[in-house]
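Presented below are the structures under discussion, each in the form of structure tokens.
Each of the next two complexes has chain A plus one other chain: chain B in the first, chain C in the second.
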Partner chain A sequence: MRRYFGRKLSIYGLTFFVAVTVNWMIPRFMPGDPIESMVARLTMRPETVEPMREYFERFFGYDVPLWKQYLNFWGALLQGDLGTSVWLFPRPVTSVIMGSLPYTLGLLLPAILLSWWAGNKFGAIAARNRWLDNTFLPVGYLLTATPYMWLALVLAFLLAWQFDLFPLAGAYSVTLRPNWSWTFVWDLLRHWFLPFATLFIVAFGGWAIGMRNMIIYELEADYSRYLESLGAPRRLIRRYSFRNALLPQITGLALQLGAVVAGALVTEIVFSYPGLGWVTLKAVENLDFYLLQGVFLFIVAGVLVANFLIDVVYVLVDPRTRLGMQGRAA
Partner chain B sequence: MSLRVEDLRVYYQTLEGEVKALDGVSFAIADGEIMGLAGESGCGKSTLAQSIVRLVPPMKLVGGVVELDGEKLPIDDFEAMNRHRMVGVSIVPQYAMSALNPTRKIGKLIKELLGARGISYRAKLPELENRLQLVGLPREVLDMYPIELSGGMKQRVVMVISTLLDPSLLIADEITSALDVSTQRAVAEMLVDFRDREIVKSMMVVTHDVSILYQIADSILIMYAGQPVESGPAEVITHAPRHPYTQLLVGSLPQVGVRYDEQPLSGIAGNPPGLIDPPSGCRFRPRCPFASERCESRPPLVEIGDGHSVACWKVMEEEDARV
Partner chain C sequence: MTLQRWRGFAATLGLVIVLVACSGGAGTGTEPADTEGTTPPAAEDTSTPPDTEAPADEASAEPAPVTEYDRATTLITSGKQWGPPSNWNPIFSDYVTGTLGLLYETLFLYDPLADEYIPWLAESGEWISDDVYEVRLRDGITWTDGEALTSEDVVTTFELIRFPATRFSGVWAENGGSLESVEAVDDLTVQFTFTDPLHQQWGERLYDVAIVPAHLWGDRTEDEVAAGANENPVGSGPYMYESHDETRMVWVKNPNWWATEHLGLEVAPERIVDLVNSTNNVALGQVLAGEIDLNNNFLPGVERLIEGGYGLHTYFSEPPYMLPANTTWLVLNTTRPPMDDPAFRQALAHSIDRDRIVNGVYNQLVEAADPTGLLPIWEEYIDQEVVAELGFTYDPDRARQILADAGYADTDGDGFVETPDGEPIQLTLMVPNGWTDWMEAIRVVSENAQAVGINLVPDFPAAETLFELRNTGDYDMVLNNDRQMGSTPWLYFDYVFQLPIHDVQLSGNFGRYENEEAWQLVQQFDRTPRDDTDALMDLASQIQRIQLEELPVIPLWYNGLWSQMNSTYWTNWPSAEGDNHYLPTTWNNYWNMTAVLMLTELEPASQE
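Our next item is the complex of A and B:
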């Protein structure tokens, strides 16, 4: 077990190292000079260009040899310093990311967890109810086959535009200042609902169909047939197949949770919801390499940590991986 | 009589039509008897084994009666059969090596299985350990997951589970097929042991390989294309078979002391017929070296000697000529 996790950890460590290095290289060796564009945006008079450029080069650490830049980059990174945003200059990248993180998490965590829970419940019921199955299955496939973008736009158009039930964009009304009053929380919730609902609906269909198919597969597996031959009650057979069908769903959930830090790019863009996905878009629009770099690093780290947690969880829930790992399997 | 099967007909309903996998099967197994059921692959052996225990779609009971210890089994009523499963009739299925829930420890599985019947695992444990010992497994397997056992060990665990409640009849489907020769012998001896200790009253051992039946069976039933063609005491079937199919089946067996480079294995020419639209009359007719016009009607299964029955016109004529 120790060796297994040791090996996994070193693989994740190596991945992180490579990711950081590539990340560092990209803005430095890419066409298009971020400093140039920032200087161009900030300066009006030609004589200020040179001093401005020198100031920025020093500020962003471009005035030392490359190898030193690389080491400095690691040094800063290990202290949680991801540089300074160009778009929101002079806010540090870390602070921009941390500012958008609550929106992303507040949107994605409930959407993923609730859809997982409800989808599995519903799928399990559909698997043993012919009528429900026959109605749900086509609807479910339709839902999962619908391009998310399209669904989001239709919902936004109907509920926000036509019927004016929900606000169309943003995390809260521009007229309000963030505070812990009921008015503000209510406003926050109303803005949150549409992006949440679209994510929930699509994911729900996927989980439910997955669970339904897995249960039916498990109910037809040899061990279920054998239990039937032994006269075991249906309840017991269903309990086994539910549990076994849940295992791949747990992996699926863990993978989704791992990708949570990337934000829901499309959702956040459609609803102008200021999470990490939206910040990524803004960084691209504004040629803000440092912010982009920071976001990517943050995502890589998040995915790696989540993957490691998945490994741990899976070893805990599935005896097959647990035993396979210890080499006890015959 | 432990088991009595009368004119059993079970068809598979498929899109191409009805597969007549069992088409008029009759036989009986006495108390304390081990009956071997043999025939080429696809002749309906597993269908027969399954339909006595767990008859589910696409299988459909078309006709016939199955009686166990004088009581009619409701084989086509899935729920009503639960009362008989595991206590009246039990099976070691052909897929025994994948028959255990992979995410439950063996002991826990048995505990939950017994619990569902209101039987205390604790009370049953000494007997369970006893049985494990009987099949050569350490009691530690109870604390293991199926993945920790070899295929043969899993099969023996299944054997122990299936017989734990001392069923009247045990059906073992191709229990030796996946094993090497020495293990085959050991498993065959275990089966006999289970009968001798009266853990099970009678047994039906299904195999496509007649040679294993020499060692253990008291009687043998030969099936061809969903119908019985010959049955009788094991001695008679193996040493003096009368039906042309049995003669070829037994004759195609490897024999001790024969060198195969001198005498190639003959096998039986041709393949068993499809069972959606089987040949009329004797189903062996297309492959039978003795086929003639009379064989266009179905030969009845007729007793020609002490407990020895054959379904073949040629044999009947020979018998008639004798008297």
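Our next item is the complex of A and C:
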């Protein structure tokens, strides 16, 4: 067990190191000069350009050799300092990210977990019901192939614009101020629903289709047929096949994380939802490398942590992994 | 069996719904707390109303926290803020809208439409000798923390902007300006001493340098002044900082604003909520629905809605609907052939059908610019005789003639002219990708140029890529409108002729055009007092003659002071017809160009 996790952890550690290094390099070798664009926004007279440039290069730590910049970057990172945003100068990058992270997590966590859970349940049911299967299969394929952007626009157009059931954009109403009243929480939920629904629906279709196919496959497997010939009740057979079908879905969850995060970015932009996706877009537009770097770091770290958690879950739910490890350890 | 399954499914679905509701509540319910917690000026503890963190004064003694703004007394704006509020430092430049104008104030306001300075913090100001400008402050102005505003504050402010890395440092002699010293004569009198004063630039500083309180700023370091966020700002203006979050800035009325007593002025909105910009279609929806009272974005296609009975108000009730705010120029890289040849530039200018841009691309939402590029507010400076003699018009035949006379001919028969040396000409005209109106406009320009035989093609790189190419002089042609309106046409003369050329050009003369004679005249214009009208007119005329003969940049159209107003909650908006001629905008550096006075004219709409 320890060896298993030790190996996993060192792989994640290495991935993190490489990701952070690449992350540091990309902005520095990309075209565009954030300091220059900042000075351009500030300066009024040509005489002040040079002093300003010198000042801000020093401020952002650009006045030392590259290798030293890299070491300084790690030093600051380990202290939780991701630098200063150029676009929202002089706000620290961590503050910008922390300001928008709750919105993104509030969308992502429920959307990922609920769509996975509901999709699997629904897929399993669909596999056993011909009528449901026939109706759902095409719809499911359609849903999972839907681009997030498109679905978001359709939902916004129908539910917000045509029928006025939900607000079109934003995180909460213009005239409200964050507080713990029912009015505010209700308002927050109404703004949250459409972006959440977009993420949920697309992912739901994928999981349901996957589960439905896996269940049919498992029902055809030798062990199912053997159980059947022994006269085991159909319920029991289905329960076994559901458990077996669930394993690839757990692996799939790990693989899908990246795609869902990307989907959330696009969805947030459509609904002007002030999460990380919107911040990322703005960081790119404004050449804010430090912010971009910080956002990517957070996403990489988030995906790695989630993958690790899934590894743990895998060990818990799959007796074979557990037994295999014990056998090797012995 | 099947029935049982269905029941199970129904139960599952029910559970999903409950879970959605719960996780939604838990997941998103914590957002405001987290957001507030990371933004220092707001409350650290959500149980404390952020009100108590606002600048201390009598007003913040309100007992209960406001959780919902009264829509009838709240003005909701958007257009300036492209990201979460992050900066209230008036010496920096990307501050939250209202930092200059609503919170911090200037010595004067400037009214560009009337060409008048309105005494503001200053009661009066005058040149008491050739080199000394004396300002007399109003008696009895206080900061919102109760301290008196005195000459000490003005002196401190000008000493602070002396740091070379700050925006206004160019006013000081040692940084290329002309200001030698600032001294407080008594509590309310300040004397500015110059060597060879740059009058036109000083005229700008009188209404764009925000006076900050010496008792809070006096000890600040260069880092705090040049790169500080200045959270919890304390000002003297009609509004005070109330709160901000990722999506908005909220200003609350200062009940003790000095102008109420001194000038009988009172701002109407109790609060101003400025929203961070969303996408154009969302903004348009919000302003049509009356959710936003004043929007200052360019909203493509808005001209069709203005006349469509949607209740949108604009400054003019007919085209171009908007006031002109700046000029869009076609900037030519004059260090590259054939753009280094005035005859080529003239030919190009004569080839451009600006009416087609105005009518076709903008549906008359903008107007074609004067050949000098000077804004209509500076019309008196335009020498109409010079323009009649040398100004360009749309005339393709003339363009072809100029090309032919200067030796440009199509020698290889590809339909496009070659240089007099026989070199083929292939040029690109760039605007940032996504600036849809500009993209359409340069398609027109390119077609026009090709029609007279100039091989010009449009190109749409990413904005930041374009800026870098432009700043370093690595381009053929670009569009640019970096200079806003202001108190003097010197702003535009400087934009066109500014010397010397640096490796990186950031503040004008992107075409790297070198004309020592013109630059001397522009500097002389700068040194001429504002009341010496004859000398100013004479210099302006000489400058325009050179500009129209040489055409280092080609003015195309006036960009609008984009402003869509909705009268659901507020009426008596600025309008060409009524008495309210103030600028209807929230853009930075416009509150002090009378936009703040717009707030004193607004009236709440009667709600039935």
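A few notes on this one:
Following the convention adopted for this analysis, the second predicted complex is superposed on the first by the 312 of 330 C-alpha atoms of A that agree within 3 Å, B and C clash if a C-alpha of one lies under 4 Å from a C-alpha of the other, contacts with A are read in each partner's own complex, and residues count from 1 in each chain.
Here is the rule we use: a contact is a pair of C-beta atoms (placed from the backbone, for glycine too) under 8 Å apart; a residue touches a chain by one contact, two chains touch by 3 or more.
Since we're looking at a predicted model, the values are computed, not measured.
In the superposition on chain A, contact of A:P319 is made with chain B only, not with chain C. By the touch criterion defined above, A:R7 reaches neither chain B nor chain C.
Legend: residue contacts after superposition of the two complexes on their common chain; A:L287 is shown touching chain C, with no touch to chain B. More chain A residues lie in contact with C than with the other chain of the pair chain B and chain C. In the superposed model, A:D222 makes contact with chain B only, not with chain C. Applying the stated contact rule after C-alpha superposition, one finds that A:L247 touches chain B and leaves chain C untouched. Of the two partner chains placed by the overlay, only chain B lies in contact with A:L230; chain C stays clear of it. Touch criterion met: A:F89 reaches chain C, while chain B stays clear of it. Under the contact criterion defined above, no residue of chain A touches both chain B in one complex and chain C in the other. Interface residues of chain A facing chain B in the complex, by the touch rule stated above, are 221-223, 225-233, 235-236, 240, 243-244, 247, 318-320, 323-324, 328-330. Of all the residues in chain B, the ones that touch chain A in their complex are 53-54, 56, 78, 81-87, 90-91, 93, 95-96, 98-105, 112-113, 116-117, 145, 147-150, 153, 158, 161-162.
The residues of chain A lying in touch with chain C in their complex are 31-33, 36-37, 39-49, 51-52, 54-56, 59, 85, 87-91, 95-96, 98-103, 105-106, 109-110, 113-114, 117-118, 121-122, 125, 128-129, 161, 168-172, 174-181, 183-185, 188-189, 192-193, 196, 269, 272, 274, 282, 285-287. Residues 2, 5, 8-9, 12, 16, 19-21, 23-25, 27-40, 46, 50, 65-71, 74, 76, 82-84, 86-87, 92-94, 164-170, 175-177, 223, 226-229, 243, 245-248, 250, 273, 275-276, 278-279, 282, 285-286, 291-292, 463-465, 467-468, 471, 498, 500, 502, 504-508 of chain C are the ones that touch chain A when the two sit in their complex.
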